[in-house]
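What follows is a set of structures for review.
The two complexes that follow have chain A in common; it is paired with chain B in the first and with chain C in the second.
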Partner chain A sequence: MRLSVPRSVLADHLQVVSRAIPSRSTVPVLEGVLFESDGNRMTLAATNLEIGISTSFAVSHTETGKVVLPAKVVDIIKRLPGESVQINVDTANYHTDIKSGQADFQLYGTSGDEFPAVKAREDETPVCTFTIKIEELRRMLRQTLFSVSYEEGKGAFNGVFFSLKEEKISLSSSDTFRLATTSGAVQNKNGKDADFLIPGRILQEVNRIFDDEDDVITAALYGGRFFLSCGGKEAGFRLLDDNFPNVSRVIPSDFYARASVDAISLQRALERAVLLSDGINQVVRLAVEQDMLTIRAASKYGRIQEKLPLSMEGEKLEISLNARFMLDMLKNCEGEACSLDFVGHNKPCVMRDPLHPQFLYMVLPVKT
Partner chain B sequence: MGKIVLLDENTANKIAAGEVVDRPASVVKELVENSLDAGATRVDVAVAGGGLELIRVVDDGCGLAPEDVPLALQRHATSKIRTAEDISRVLTLGFRGEALPSIAAVSRFRLATRQPSDLAGTLALVEGGRILALEEHGCPAGTEISVKDLFFNTPARLKFIKSEGAETAKITDTVQRLALSRPDISISLTVNGRPLLTTAGNGSLADVCCQVYGRQAVKLFLPVDWQGAKLRLTGYVSHPSLARANRSLQSFFVNKRFVRSPLLSDALQTAYQTLLTRGRFPAAVLFITADTAEVDVNVHPAKREVRFSGERDVYRDVLAGVRQALKNDLLVHKMTHQSLERSLPERAVWPATSQAFSFAAEQAALPYFATADPASATPAAAESRQDEGSFPVLAVLGRAAGGYILAQKDTGDLYIIDQHAAHERVLYELLLDEAQSGQLPVQEIVPLVFQFDPVSAQSLEKSLKILARAGLTFESFGNNSFILRTVPLFYRHCLNQDEIQEMLAATAETGEEPALFEETVKMMACQAAIKADQVLAREEMSSLLSDLRGAKQPYTCPHGRPTTMLITAPELAKFFRRR
Partner chain C sequence: MRRIIHVDMNAFFASCHQAREPGLRGRPVLVAGDPGERRGIILTASYEARASGVKTAMPVWQARKLCPEGLFIRPDHRLYLDYSRRILDILLRYTPLVEPYSIDEAWLDVTGCGRLFGPAEEIALDLQRRLGDELELPCSVGISSNKFLAKMASERQKPRGFTVLYPEQVPAVLWPLPVGEMVGVGRKTIPVLQEMGVATIGQLAAMPVRLLSGRFGVMGEILHQLARGHDESPVDPSALDSVKSVGHSVTLPRDISDPAEVDTVLLDLCDKVARRLRRSGCLARTVSLTVRDHNFVNMTRARTLGEPTGLTEVIYHTAREIHRHSFEPWRKIRLLGVTVSNLTEAGVGHQLSLFGADSERLERLTRTVDRLKDRFGDDSLQRARLCQTKGGGPK
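Entry: the complex of A and B
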């Protein structure tokens, strides 16, 4: 394999795939980047078996072939002195010459044959496939990723639950103490519905792989993997094999009281209240009256009381909630107001962002 | 002709011997107890061949009058009681009048005795129960009994005697316990001509303990002195670091009589709850002094068992007394100069001088019971001990890999604290406090459904109320499945199926409600506690240490593992040869 590419193009693409390189693996070949050329396009790929990322770009005047180069290649290319990079692979022993300007590296590569498939196989039929606008996908992830449990071994609570129904996809997540759910419009390409669960940790990479220029993303579910692709970039995500609780059954539908409060004021007030928090105890007591929300918090350090104006329909009530959980939502609330729906004393509280009516966040109460 | 005949004296004695004299150690016990009852100030025991060849007990007690000697060799002949009513008041160790004839029935027996006021003593020779000689004899005041060829005429019994070593160990054990029971009497034991034990008889229990347990062990003894409503509890219990896998280091004495009592053992063990890991037993030498009317010793021919009229009160007093003793002392695991050196891999680096040095250090530490003598402990001294007992204020120095916080007291003492164990202790007490006061805040969770096997489901069903008190609200969902609705607020961890199963299994053994509750709380504290590999900021470490200082029992985790190790400044200095 022999090729010549502009250094900046190669560096940018390597930066994308490098997100998937495991720092240490029991499978040595994974600790590298796959370079593969079919004569017209160069494909780079890396995977830690949880997430696989590949990216391709057009090249000219190249020989076909593939090689796995050590992960150090990412930093090497970034620091090369010249405008372009010449790569020459000795097919006999996979020693690879990398030349740029006056610099001349030789990297000891290995055969690419053992590298696991990162891309979806083109001959396979997807379980479901749809397209979605990048900003829609990013919004939904923003509204759900924060309530995923990032502790190891929490099963379904380590993931975001995707539910595709016709032209709509819903995303839900929970760490058992709160639950976030949202939905967005998609174009369903084969008319099939599907439910699947993806680890939140690897979904965080979506924002780093795709950017606003990518516009419309194609999504497809093949067997045990979920793929997102756009342009030459493709990311495959491992699925979690756990059962997510039935969201519609958990979220209350009848409300005792519905209130609306200024989102920023509430956020600031809660931030003040948690200043008093003692260790893991970040509980605030909310007293909701007709036109007034009273926030109280107390710990061994002292106490705070703060009143906020609010508009409410329904009966007054009191409830204890974890302020940290409420703040997580408020930081992702884009509307000026935030609505708070209550089921009753010491019952769950449902928070909504009026700007995104699809987004719903339920915080479960603390009973003292 | 009738078939029933009255057994002759000799046969009856052999049968009685089966109950009282079942092995050489019980002969030693009976003989030494007789000596103690005879008011001896010195008792010398010599044995050979595991006690089968020879047992000789010599005392300087009151001796026997010549006319009493043949009577003493008859069954139910005793000087210690006169009527059955006396049994309830008996203060002597023996009273049944069975020991001497029983022993004489199964051995070649020699008794030489003289009352101090008499000019001549008496010698009796008995073989297999037959009196061979009974004559005037010159001997020192007191009694000397030799028992040779024990069980020579009961081959069945002889067959069940264990090896010489095992029997000697039993005898040693017996003599040690008798010595512990009477620090005021000098007791010695010689085995095959080699002296094994000699107590001073100066009345100091501490000295006897040193003889029996060794000086190093005794440094870890804590004095007990408790006055209950109906009894007084004195003696020593051990620091938790001195514990064994069995109860061999425990001796209980009721009115100076050694007894085995599950009641007392239980009370002792309960006092050490959360201080010891499962299956470890502390050392203890505990004396219970109670009105003889409250204690029934006539339960077992060898009087090893004892019954109390108010068992509950006894249990409560022993528990309270031992707890008091434990509370009074700084229960930190101390790393001494000697143990540090023992742990060094290369002894070669530490030449012979280190040995001599260790010895000197030991000698220097001799007044080990200066404050420990219960009699001399004034209220003021007790108060200062109380103060010592609390966890000190420590400055964090840093953290060693594996999750150990290094900290220093203002005196320069170095403390090493296991962060997981320490946090576990803090959480355990917090949760227990809140749960017991019924103010445990719980966090409601997204309902989680668990499916169990029928056995686990049944034990869970039974425990719903207790678990709810510990903050875990389960609801039965039918068909062996349960919904978990809340977890304790501080816990912030949703149990998974395995963890619940494990908890049920751990508590199934005990089955009792308080045990289940505490076990549940321990489990949650352990899971919620920071792990050993978690890196803590200096502030976090300080805060953990100050939390630990607030704990009631800061020195062990709820499972009984130590939280803290101490290397005192002088120990460090000694180690580096600065002094």
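Entry: the complex of A and C
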């Protein structure tokens, strides 16, 4: 295999696939990047078996072939001195020459035959397939990824639950102490609905793989894997084999009090209160009255009290909440106001962003 | 300058038996576990027995050979606790600033006691005499201006020692000593220090602190300070009140490797640990499992949970996972131990959970079982799995 390619193009594509290279794997071939050429296009691929990423681009002066190069290739290409890169693979032993400017690397590659398939198989029919705008997908992930449990062994709570119904998809996540749910519009390509669960840890990569230029993303669910693709880029995500609890059942519908407060002011006040909040639960006490929200926190180091104006309907109440949980939502609240709905003392608090009515976040209180 | 006294009871367990039964005084008393149950090691030997070469942690059979006339006594922890409390009562007559360090050791800060009781040396002599007269218990005392030096001083002379060790004496007295004699330098630290060329306390004091903190972190800095005789830590009367960990271990009557048998032992241990944990009013976040195999190789592995727990079930599941994950199944197990640490006070700010209906029901059940056991005794209610006699059949 032999090719010539602009260094910046190759570096950018390697950057994308590098997110999937495992630092240590029981399967040595995975600790590298697959380079595969069909004569017109170059495909790069990497996988840690949780997530697989591939990307392809047009190349000139190329021969067909494939090779797995060690992960070091990512940094090597990034640091090459010249504008273009010449790569030449010795098909007998996979030794690969990389030349750019006056620099001349030889990397000891291995055969690409053992590398697992990263892309979706084109002959398979997807369980469901749809297209979605990148900004819509990114918004939904932003609104749900923060309440996933990143502690190992939490089953369904380690993932984001996707539920596709006709032209709408909803995403939900919970670490059992809080729950986030949101939805967005999609174009359903084969009219089929589906529910599936994807580990939150690998979904975080979506933002690093796709950017605003990608515009519309194609999504497809094939047995056991969920694929997102756009342009030459494709990412496959392993599914979690757990049952996510029924979200609609736990969201309260009757409220004792509904309040609205300036989101930035609340965020700043909680950031101050958390400095003196107690223990690992970072408890703050909220007293909600007709036109005033009082935030209190205390620990062995001292105490803080701060008042914020608020508009409210319903009865006044006091509730203790984990400030960190509230801040997680406020950081992702894009509207000027944030609405807080209360069911009662020792009952959940529901937070909403009026700019995104589909987004709902529920925090369970700290029992005092 | 502060005035600190360290009181260290001599051969405490053995002395307690001798204090209770005057007939044992002056005779070689050996407190040891049951050899039949394979717990046959010497816990404490009286000085009369030590004269024949008996040492702590020696197997009973070996001690018998060395000291055939020795009186072997099973440990009686209630007796020791009772004497420990009576010792504390006497120490508290001098100052409220008493920090018990273990069942048989304590520090006193007598800086402000001069007008009432005279200088620290007089107080130390007086309390040593009183412990001897009122309780018939011997002790060694160390006097200095900080806790570390006071403890190092009381270690210098045993039994019935009286040692004064002020910072200006450190180069002459402490520095020539092997570094292993220093409080805070354990079995694991010695070889590392030796590798760095440190054999004596003086060499440790002369070591650039940068090298020590590079190797041991914060502990390196502390060791360096101690070796120079510096210790600012206050005598804290509440230090022992705050429980730091709760643990139980058992040496098994025979080596086991069958996972089902291991699980049963683990459940029993976790049940005991969890109950003591709940009694202390705490929740724990870290579970550690210690395994000693048939070759006497010890291994400890720990896991930290996302949220603190007081439930037997959660501790048991974690301990079981550690066992499955970290210990080879073929290893024959001689001793199992479960410890929980990273404790927080229960009840203050309990984060409610959305899908935690199961654990709340379990908590209610646990509370009920605890109340029943409090009222009718620990044996009144038992998990079915633990209702096994040694023959394997139900009780």
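Of note:
Basically, the second predicted complex is superposed on the first by the 365 of 368 C-alpha atoms of A that agree within 3 Å, B and C clash if a C-alpha of one lies under 4 Å from a C-alpha of the other, contacts with A are read in each partner's own complex, and residues count from 1 in each chain.
Keep this in mind: a residue touches a chain if its C-beta (ideal position, glycine included) is under 8 Å from a C-beta of that chain, and two chains touch if they have at least 3 such contacts.
This is a predicted model, so every value here is computed, not measured.
Bringing the complexes onto one copy of chain A puts chain B in a clash with chain C.
Look at A:G155: by the touch rule set out above, it reaches chain B but stays clear of chain C. Judged by the touch definition given at the top, the superposed model places A:I304 against neither chain B nor chain C. By the touch criterion stated above, A:V283 is placed in contact with chain B and with chain C alike. In the superposition on chain A, contact is made by A:P365 with both chain B and chain C.
Of the two partner chains, chain B and chain C are each touched by A:N322. The contact surfaces that chain B and chain C form on chain A in the two complexes overlap at residues 151, 154, 174, 176-177, 179, 245, 250, 279-281, 283, 320, 322, 348, 364-368. Residues 439, 441-448, 486, 489-490, 492-494, 496 of chain B are the ones touching chain A in the complex.
Remark: chain A residues 151, 153-155, 157, 174, 176-177, 179, 245, 250, 279-281, 283, 320, 322, 348, 364-368 touch chain B in the complex. Chain contact summary for the complex, chain A toward chain C: residues 149, 151, 154, 174, 176-179, 245, 250, 278-281, 283, 320, 322, 346, 348, 362, 364-368.
Contact residues of chain C toward chain A in the complex are 306-308, 344, 348-356.
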